[in-house]
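Before we start, here is the structure in question, set down as structure tokens.
A, B and C label the chains in the order they appear, each numbered from 1.
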Amino acid sequence: MHTSAHDDTPLLAVRGLHAGYGKIRILHGIDMAVRAGEIVALLGPNGAGKSTLMRALSGIIPRTGEVAFDGRLLRPGNPREAARAGLVHVIEGHRVFTQLSVLDNLMLAGYDLARAERGRRVEEALGYFPEIAEKRTDRAGALSGGQQQMLVVAQGLVKRPRLLILDEPSAGLSPVLVDRVLSVAARLREQGTAVVLVEQLVEKALALADRVYAMAQGGIVLQAPAGEPGLPQRLEAAYFGSQARAPLQS
Amino acid sequence: MFGSILSSGLAVGAIYALIGITYNTMYSTSRVMSFTAGQLGMLGGVLGSLFILKLGLPIFAGFLLTLAGCALVGFVTELVAVRPVLKSIEQHLYVLSTLALALMIQQVTAIQWGTEPQPFPRLFGIGSGVLDEKFWLPVAACAAVVLGLELLYRRTLVGRAFLAVAEDNFAARALGLPERHLRVFSYVLAGVIGGIAGFAAGELMLAFFANGPLLNFYGFVPVALGGLGNNRGAVLGGLALGVFQQLANFTVGGVFASIAVFVLFIVVLLAVPQGIFGSAAARRV
Amino acid sequence: MPTDTLTAVPRAGAGSGAPTRGAGLPVLPYLLIFLLACALPLAGDNYWTVIATRAAIYWVLVSGLNLIVGYGGQLAIGWVALLTLGAYTASVLAGGNVLPPVPPFAALAVAGACGGLFGLVVGLPALRLRTFYFAMATLGFATIVTQIALAWQDVTGGGIGLPGPALPAPFDSEVGLYYLCLAVAAACTLLSASVAASRFGRGLIAIRDAEVAAEACGISKARLLAAVFVFSGVFAGVAGGLFASLQTYITPEAFTFELSVLFFISILIGGRGSILGPLLGTLILTALPEFAAPLAAWSNFLYAAMLLVIVLTVPGGIAALLDFRGRRARDDDRRVLPDPSRLQRLLDRGESGRGIELQDVSLHFGGVKAIDGLDLAIAPGRIHGLIGPNGSGKTTTLNVISGYVTPQQGGVRQAGAPVPMGQPLACAGRGLARTFQTPRIVGDATVLQNVMMGGHVRAAGTFVESVFRLPRHRRDERALHQDAHDALAAVGLAGLAHLRADRLQHSELRFLEIARALMLHPAYLLLDEPAAGLSADEILRLGELVREISRRGTGVLLVEHHADLIFDICDHVTVLNLGRVLASGTPQEIRQHKEVVSAYLGA
């Protein structure tokens, strides 16, 4: 693993990102930055473009603009390259491969690795989630929604990310499981891994994150440290429209 | 007579099942139904006869070369007829591109190989009568392929990657699985399966260019009945179709047999458009 | 669609302000071909006359098949079955080996009728089967017909075959037969072009490329395809009879799979949604073996290779290459400027009273409850906003009202009377129009043609009236043209009428869908996230447009994420969360409702 020479240059630097689906342009000129070992929350109402932004970052959908990871520019439309560099995206919807076992699902996350290394990393990932470790031979389709969510996060961990994107990990989960998943994010932070957390649950996100970005209508409308006073009110204004254009702050 | 119907029915049915599996293998990673499946079966017989009878190669070498040839055709299919149209929103284009390629293969074979059925070599010389080699060989080949695919899907990582891509192609891509390599590989694999089908069918169906469209249709029926992407359904459907067809041939004979099969096919398909074991179409709006 | 199948442009002076350009231009290529064809036998050599006769006969079949494949998008690859049927029917009847001999032209007519009947039989599975499956089924059918011809020796002569109908003088000579076939081909061109230029032609391409939207416009796939399969079957049957006369002696071997593929490829090389393209395609493919004499044995290979090349490089075929007008360079500085004054003629229903009411509607998909006990009302002349987080059931509600999904519980009433559920086709007739979350339009057709699809159910003329361009058809077309130009002007897309729809920007497509919806003169308009992807400026104009629409009496249901648009124009807002109504009231009340705010911010 190689560490960045300067602690203040961001791990992930995004400039002028535009993306969409076919003719529908969703993102209009996004700038953002994430430092190593910080948790950044991305908030915003539905349709704002949060998931689209994540997909554009990891390369699942095409984009224009610059995405630099660890000082190197990433080629657009190439999720494999991004993952190899350490930018790992856990997509929304806990989409596991239901016909395969838990173990197989994790093995596939390590598809490109040598067999011994793959086995090691799978065990390492299961170490974060003992609940599914004991179900390793069960079919992934037999797991509950919460367990499946843990499985997809574990898949992300198999890849030993330097920056992990978690897209709506709390969707459809009970509060206990949500805390469980978010606690893993906190543990990653302690180890120096950065996390970008797309979340609907504003309070939990603010409690965990170091910094917050808020999006609306395809652009970033708010940027602030998570602990800043008055933030919830500013977010509410951002969500509900015309007062959305709050001044950006760093 | 019953034994005769059963043995020839199972043999022919096994061939149809294998072509059905060929369709499924191509479909699983690309969501494309390719017209080349039947042509691969035809090539299995034609190339086998070419290498072993015409060029005098030993049987095993001829077999391997046949499979190599069919694998190449599978590879070319993906490259030329599938990959370019996957990007397009127009779904109907893959029907046309694979149809065009299948016709080209058929025409080249007709011109170079001839339009008359040519003999296929006797391979092992084991069995006679109802248990003649030409009857048990296709069944054995089908069993071997089914077993081989089970091992591939359950025991190897590549096989499991196939299953992943077949189930949720977006999640597989997001997870970093090499989607394109897997797709190419599955088309090559489909070529090999089609080649095995045609080679094992050689003694029964001879090396005949017109086997292409015939296998295209009768190999498709098990897929339609058994459900797209469902290999077990294809095997059951294929064997049932083969036995039913032979039964009809022996009892009413000729044209009526064909009509019977066709009517059955249409009736079942109209009643259950997604196949007996298939899954219903997704939400449209 | 390329300009040769121009929707019949009304006579100048209709006062619509619609440009009456080009009424003469598209006829020129056909006239040229026809004149050349008439002159052909004068070149002296009867060899080419025979080739040309064959081409004419093929075109008789292809002109009908073109509507099925090129316009309707149904891949009937095995259509040669009907040629076989027509040929044998005419020959058997004229030859008199079953019944007393029938005069050859009567035999030809019966062949046509049989073709029509069996065209329907071959085509009906298209309503249930997917593309590939239907293609396979037609191939199976073609094989069966050939096998029957082989086996039914008493009637068809089996493998030996039988003589084709002998036509009376002057048609018994090569030149005579040629002019007969040319006349039939010309007639078929006119008839099929009439269908293509009518609302039925537009309906076909709608079900081909935008089936879900076509349903919302009330276009019935079943009825349309049935009509077209019968129509094309008749052409194929007649072609078969003429083919038998040309060959003078037919055997099952004359009707090969390669022939069927030739018909099919002619259409695709020519281009879908065109008449001229497939005509040129047929001529080229029929003549090809003659020019490439040393390659004659490879001609089938060449057809297939041409098809592959076309599919990979120019999927639109020859027609796309010839379509200069539709491919005009885009002016990216276009702005959408609605003109609400043009709404006047379109919104004239004046429905008043109770509007649309949903009562206790519940719907679940598998284990998930999408809507749970929903009550909602859309009043005429008012805008009702429907908002809520993702997965709250907004689009499902819209789909229930427009008939795309059926609730397990509860019902919908319109003007006080209960409405049958799950019938999207019926909504258009009740004055209910909608747009879609992602614009569903036909990229290959022009903007005007796309909009005119919306008015399909407002026309009264039948299919046959369109075939023969009878007065009621012409009245319908004029009215639809007028409405379409009004609708385009109303939404602000007036100058783009003749542009291919796939050249429009996303925001313009959203307004295009609204124009299409306006063609119904809707009493109710259901809008599914119309502001998605629009700039702030465009959202303002959209809001004004929707307000003007509601002012003229149309009840509007607006499903949206853009809170500012909702609060700006809605008279009433309902908030859904997890399928249940969280709050319902005026925009001001909703904006201050504590639970709504938390639902959005996550409890």
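Assume a residue touches a chain if its C-beta (ideal position, glycine included) is under 8 Å from a C-beta of that chain, and two chains touch if they have at least 3 such contacts.
Please read all numbers here as calculations on a predicted model, not as lab measurements.
**Student:** Using the touch rule from the top, work out which pair, B-C or A-B, shares more C-beta pairs.
**Tutor:** Higher C-beta contact count between the two pairs: B-C.
**Student:** Measuring between Cα centroids, what's the chain most distant from chain B?
**Tutor:** A
**Student:** Taking the mean of the C-alpha atoms as each chain's centre, how many Å separate chain A from chain B?
**Tutor:** Centres of chain A and chain B (C-alpha means) sit 43 Å apart.
**Student:** Whole-Å distance, chain B centre to chain C centre, using C-alpha means?
**Tutor:** Computed value for the inter-centroid distance: 35 Å.
**Student:** List the residues on chain C that touch chain A in their complex, please.
**Tutor:** Residues in contact with chain A: 389-390, 438, 505-506, 509, 529, 532-533, 561-564, 567, 591, 597, 600-603.
**Student:** In their shared complex, at which residues does chain C touch chain B?
**Tutor:** Within the complex, chain C contacts chain B at residues 73, 75, 77, 125, 128-133, 135-137, 139-141, 143-144, 147-148, 150-152, 212, 257, 261, 268, 297-298, 300-301, 303-305, 307-308, 311-312, 315, 365, 395, 399, 404-405, 436.
**Student:** For the complex, give me every residue of chain B touching chain C.
**Tutor:** So the residues of chain B touching chain C come out as 33, 80-81, 84-85, 88, 90-93, 95-97, 99-101, 103-104, 107-108, 111, 213, 216-217, 220, 224, 254-255, 258-259, 262, 265-266, 269-270, 273, 283-285.
**Student:** Using the touch definition up top, name the residues of chain A that touch chain C in the complex.
**Tutor:** Counting only chain A, the residues touching chain C are 20, 22-26, 45-47, 199-204, 217, 232, 235-236, 239-242, 244.
**Student:** Show me the residue ranges of chain B that touch chain A in the complex, using the header's touch definition.
**Tutor:** Within the complex, chain B contacts chain A at residues 157, 160-161, 163-164, 167-168, 170-178.
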